[in-house]
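Notes to accompany the following structure.
We call the chains A, B, C, D, E and F, going by the order they appear; numbering starts again at 1 in every chain.
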Amino acid sequence: MRPSGREPNQMRAVTIERNVAMKAEGSCLVSFGNTKVLVTASVETSLPGWLRGKGQGWVTAEYGMLPRATGSRTRREATAGKQSGRTQEIQRLIGRSLRAIVDLQLLGENQITIDCDVLEADGGTRTASITGAYVALADAIAWMDERKLTKGKALRDSVAAVSCGIYRGAPVLDLDYLEDVEAHTDANFVMTGTGKFVEIQGTAEQAPFSRDELDALMALAEQGIGELSLLQQTALSA
Amino acid sequence: MRPSGREPNQMRAVTIERNVAMKAEGSCLVSFGNTKVLVTASVETSLPGWLRGKGQGWVTAEYGMLPRATGSRTRREATAGKQSGRTQEIQRLIGRSLRAIVDLQLLGENQITIDCDVLEADGGTRTASITGAYVALADAIAWMDERKLTKGKALRDSVAAVSCGIYRGAPVLDLDYLEDVEAHTDANFVMTGTGKFVEIQGTAEQAPFSRDELDALMALAEQGIGELSLLQQTALSA
Amino acid sequence: MRPSGREPNQMRAVTIERNVAMKAEGSCLVSFGNTKVLVTASVETSLPGWLRGKGQGWVTAEYGMLPRATGSRTRREATAGKQSGRTQEIQRLIGRSLRAIVDLQLLGENQITIDCDVLEADGGTRTASITGAYVALADAIAWMDERKLTKGKALRDSVAAVSCGIYRGAPVLDLDYLEDVEAHTDANFVMTGTGKFVEIQGTAEQAPFSRDELDALMALAEQGIGELSLLQQTALSA
Amino acid sequence: MRPSGREPNQMRAVTIERNVAMKAEGSCLVSFGNTKVLVTASVETSLPGWLRGKGQGWVTAEYGMLPRATGSRTRREATAGKQSGRTQEIQRLIGRSLRAIVDLQLLGENQITIDCDVLEADGGTRTASITGAYVALADAIAWMDERKLTKGKALRDSVAAVSCGIYRGAPVLDLDYLEDVEAHTDANFVMTGTGKFVEIQGTAEQAPFSRDELDALMALAEQGIGELSLLQQTALSA
Amino acid sequence: MRPSGREPNQMRAVTIERNVAMKAEGSCLVSFGNTKVLVTASVETSLPGWLRGKGQGWVTAEYGMLPRATGSRTRREATAGKQSGRTQEIQRLIGRSLRAIVDLQLLGENQITIDCDVLEADGGTRTASITGAYVALADAIAWMDERKLTKGKALRDSVAAVSCGIYRGAPVLDLDYLEDVEAHTDANFVMTGTGKFVEIQGTAEQAPFSRDELDALMALAEQGIGELSLLQQTALSA
Amino acid sequence: MRPSGREPNQMRAVTIERNVAMKAEGSCLVSFGNTKVLVTASVETSLPGWLRGKGQGWVTAEYGMLPRATGSRTRREATAGKQSGRTQEIQRLIGRSLRAIVDLQLLGENQITIDCDVLEADGGTRTASITGAYVALADAIAWMDERKLTKGKALRDSVAAVSCGIYRGAPVLDLDYLEDVEAHTDANFVMTGTGKFVEIQGTAEQAPFSRDELDALMALAEQGIGELSLLQQTALSA
């Protein structure tokens, strides 16, 4: 029995509200239940030095969490003077996930920076970030298309992410915070709208897991990503 | 003529929405026109080492801006590895402003940390932060009162803030970004609900200003703070 | 009764000794009573990248305090690895105050850096710094004039600063350390030789202050700045 | 055809030389072909503050690379002033992998720190690090057992790691640097001696990968880990 | 021929002015010609954690240079965010030199921190610092003696320092900046009042030096230190 | 009697194994008894900005110690976020020592970076580093010569280093860790193959030392360096 009363293969209510940031070229507020992430996509028509002159663009991401997104206040990273290892891992993951579905040559010599800032954290902040990031990215690329900044259809596919885990012995989809803390195994899946894998990260929190357990998690993930892909399409066609 | 078409003594639409952060002891989303700040108040029933054993509590504040709160993307301070001088000035100002209306002895040995995170910036982020911070603080102290953590009525007054400036030769109230950039003089006023000054900061951006100009700005500020104090009361009694 | 026996409107003995740093283009040792600040002005005939090619120059300032300028030793900021928020606030104030009286176009593409290093601290280090900085700046600009580095009379006015406060209920001029610690309200005024305001910073340390109190502080400041302006002129004509 | 002439399912020559660091409680030099990592395990009979008094111990890891382990010199992280995101990801992975096979309660209130320093890098430094770390850890725990510092058999299983990838369309085992640079998909598997998963990290470097490709990589990994587990046993029984 | 017209074995004019810092337990302004260093000694009746409970005290030193002590402005270390390698070398040398003549047991559990801040730099800032530091230290220990903070005569000897070098082929005493830049060999000697060595640092700036050259430099140093020791005694008995 | 049973003028067994790092242009593993240092020389055919266009090259060095090179684990500098003062002193010394025997003009506009990483520390890590660095440097310059990157014979001499000290009243050569901890005086000598001094650093750890003691240490050093120079020649001619 899950704390939220959900079925093992039931995702939380997911909503994606577009164009929430007045100044960004793309943006959305994405919620996976009580987890809320504000995502913006910023287009810069120039590149950092090491990328210039290669005839391609770049997509990168940064991740942050407001100090009181969490149950007790978390120290602000700007005060601490550095990003934690966890933050860096997450923002590298978001960036890689997006680049896997973008044709960087067709972006032209432009950079898109995705900022994912967690307003409320209740588990799954990285998967919500990736899922929302795709929507903000799609809007930013559309904005570029209108201004003839791209050289063709740079977006090759869509991408979304979901977590799964073994909670009290059973495989469950889309862990919330209470489940995440207790789960023996925690896996994040990033997949395309066409059903291929972009990234798999499975971690045994306490006891190692078997191939059968992994297969069960993958099946849940495939279903969840399918649902998320539809929600993304719906949001983008609104 | 102001870019927004406002009268010289007309504030932007100000809204204060309480309890927007599920986990914080006090919170609000405050808007001064297109400037939007998410404010949380976090109660900790312990104090940093240097404050312990003095029979009093503490109120402190931190300030941040999401990278794309601004027209072009601003570098994330957590990535830069430090808070800018501007950020530090603002968060020190917010903290001082709040402590001026709190009886620290009556707080008990507890600390309240106010986080002001700017979601959208269109001028006046520090004054909106202070105005919202009072509301979040009041809710956090009420939360403490209910749990008998305070030793009496710790809140002595209310506090709000507004900016004024000389724009194209005329004194105007509550500068937005377009006005702020161009204003010859920019002043921030922090005042209590009972009409006293907590902080005045007046700066000649280009040409020094006269005593008459300063007096005109003060008159505008007194009016604006009066309006903000009413809005705070209304929000807190809702 | 003030600890020093001064009248409420009596400044401490102020001295300005020019050309104390052999190598700097301008320099002075300024004393406000026991507060002593060594000020140097350094001319560089180049600009940082972000200022180049705009047909103007720049004036900036840095502030520091020797570790034993204070009653008990203060940690050296170079050891701590960063400047404190207080230091940054002060050096930003000094820079703004000087830029308000300089025509940056007439400076040519040159930068003047003012260094204010406190040798002894007894209250009012920022006001002494600004007052001395003007003298060092004037000497540096004269040095540039002689070498045809400027494009005209870049110095538009003089500038000086003084603090005032409410000490034991009475408004007093030029707070020393003992008064500063105890004052309920503390205000710093930066004004030009022609009597206009460049910056006002008034802070309620404990209880908010009234408009009448503020007016009394302003009157004291105007008197004090008048005296400082004369001392600056005298020093520069010596 | 692989650059090294290896078969798709052929690992590089792997060697594990124990007790190479005179002072460490456990150590080895592990080579996966031309990749060489010096691993030490350091036992400390105390814990960092946040771990004390919980009746358990801790295993943690740090990772570094000598500047000229790589084809062109890499900047030393101690000079850069921080560890890169990549370094942090790797050392967090090593730590998690080891903790998955240790009973922290039985360790007593002791900490074991594993240092993995890459002397030569030719691909697979993180998998070689984990494989060698198990051997150094086992020796350190044996050292503790002899001194009655543990409370029972703290080592529950063995752990090893290997990378696999899709190189020129074919799944191959144990990527070297030339393959790693070119591979479309790169996956790292951490598994126990009893054949369970501790961690899976699969990343699409360019094109997303299919479930069939993932299954093929898993099969290779299972074989490779089997071989590594035997080598670990042999080394430890020598 | 030396740029200053001095004889090879002639020191610059050396002056030591005591009690220049109102608040420090010991202080002096030491000049070696145009090199001027402000030295303070601060007594703290407590020790850093790692020194506590060992029944002894500590003497440590910090060194800094005002940005415009040099011909062109040097970047402020507090702004750079760290002390340079040169600064650290010098302050470690000063600390070691002083500890060599202090009986740390007799100091009691107290710490003396020496701050050497260079107001003007014309070569020999580290040797002037050590020479002045002894005087400030002696005053601080006398201050402690009066307050019964020491457990006996903690000062075992005096200490002073001087530089020598091979300038245009000839050994010379007490290099100034012009000589220092050009000298082929540069050596710093720290010696006690009783003629023993505390530290020797000889460096070939371009060509290696012979034993004969080293002997000549030592002879000069012995003479110079003798003169400095007398000046220290005179200053302290004034 | 020395802890190792060595004669006062007896060095530890010294070995130099060349070409231990596959990718470096020069490298060796140097051992002074149980002290082992891995040295690499990296040739870059470009220079840092401040060195460009001066018609010369550069030789620089970095030094590090693996965390468990020492008896108890030392904190990794990359984790601490900075190099210690000791590390900086040592790497500056290594760089100076090598530059003293290189004709920088004949190097062409190329930079050689020497990395000295201590695998095991038992006293004398800086002297072993310098001694090995010469060998790696010689190989790197030979590599450059073959590729016509140099403009002539850039290596003017050889260089080696050894420590001496007063241990239990007697001058001894090549201190190991046990002797180093206890020695009253510790001196490091860097000398050329032709018997000239490059650097002398003598430090009184507790009691100041006399001229006679210094002379005795120098005699030991001259002998030791002679032996090291022969070993370097032998290694390079192998």
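Rule of thumb we're sticking to: contacts are C-beta pairs under 8 Å (C-beta built on N, C-alpha and C of every residue); 3 or more make two chains touch, one makes a residue touch a chain.
Because the structure is predicted, anything quoted here is derived from the model rather than measured.
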Via touching chains, subunit A connects to subunit E in a minimum step count of 3
Between subunit F and subunit E, is it the same set of residue numbers doing the touching on each side, over half shared, or a different set? same
Can you tell me which chain lies farthest from subunit E, using the average of the Cα atoms as each chain's centre? A
Among A-D, E-F or D-F, the pair repeating the C-E interface (over half the contact pairs identical) is D-F
For subunit C and subunit D, what's the span in angstrom between their mean Cα positions? 59
How many angstrom between the C-alpha centroids of subunit C and subunit A? 51
Sites on subunit E at which at least two other chains make contact: 82
From subunit A, moving on to its ring neighbour subunit B, which chains come in turn until the ring closes? A, B, C, E, F, D
Quick one: in the complex, what on subunit F touches subunit E? 82, 85, 88-89, 92, 96, 100-101, 157, 187, 191-192, 194, 196-204, 206-211, 214, 218
Subunit F contacts subunit D in the complex at 21-24, 27, 34, 38, 40, 42, 44, 62, 64, 66-73, 76-83, 87, 113, 115, 117, 119-120
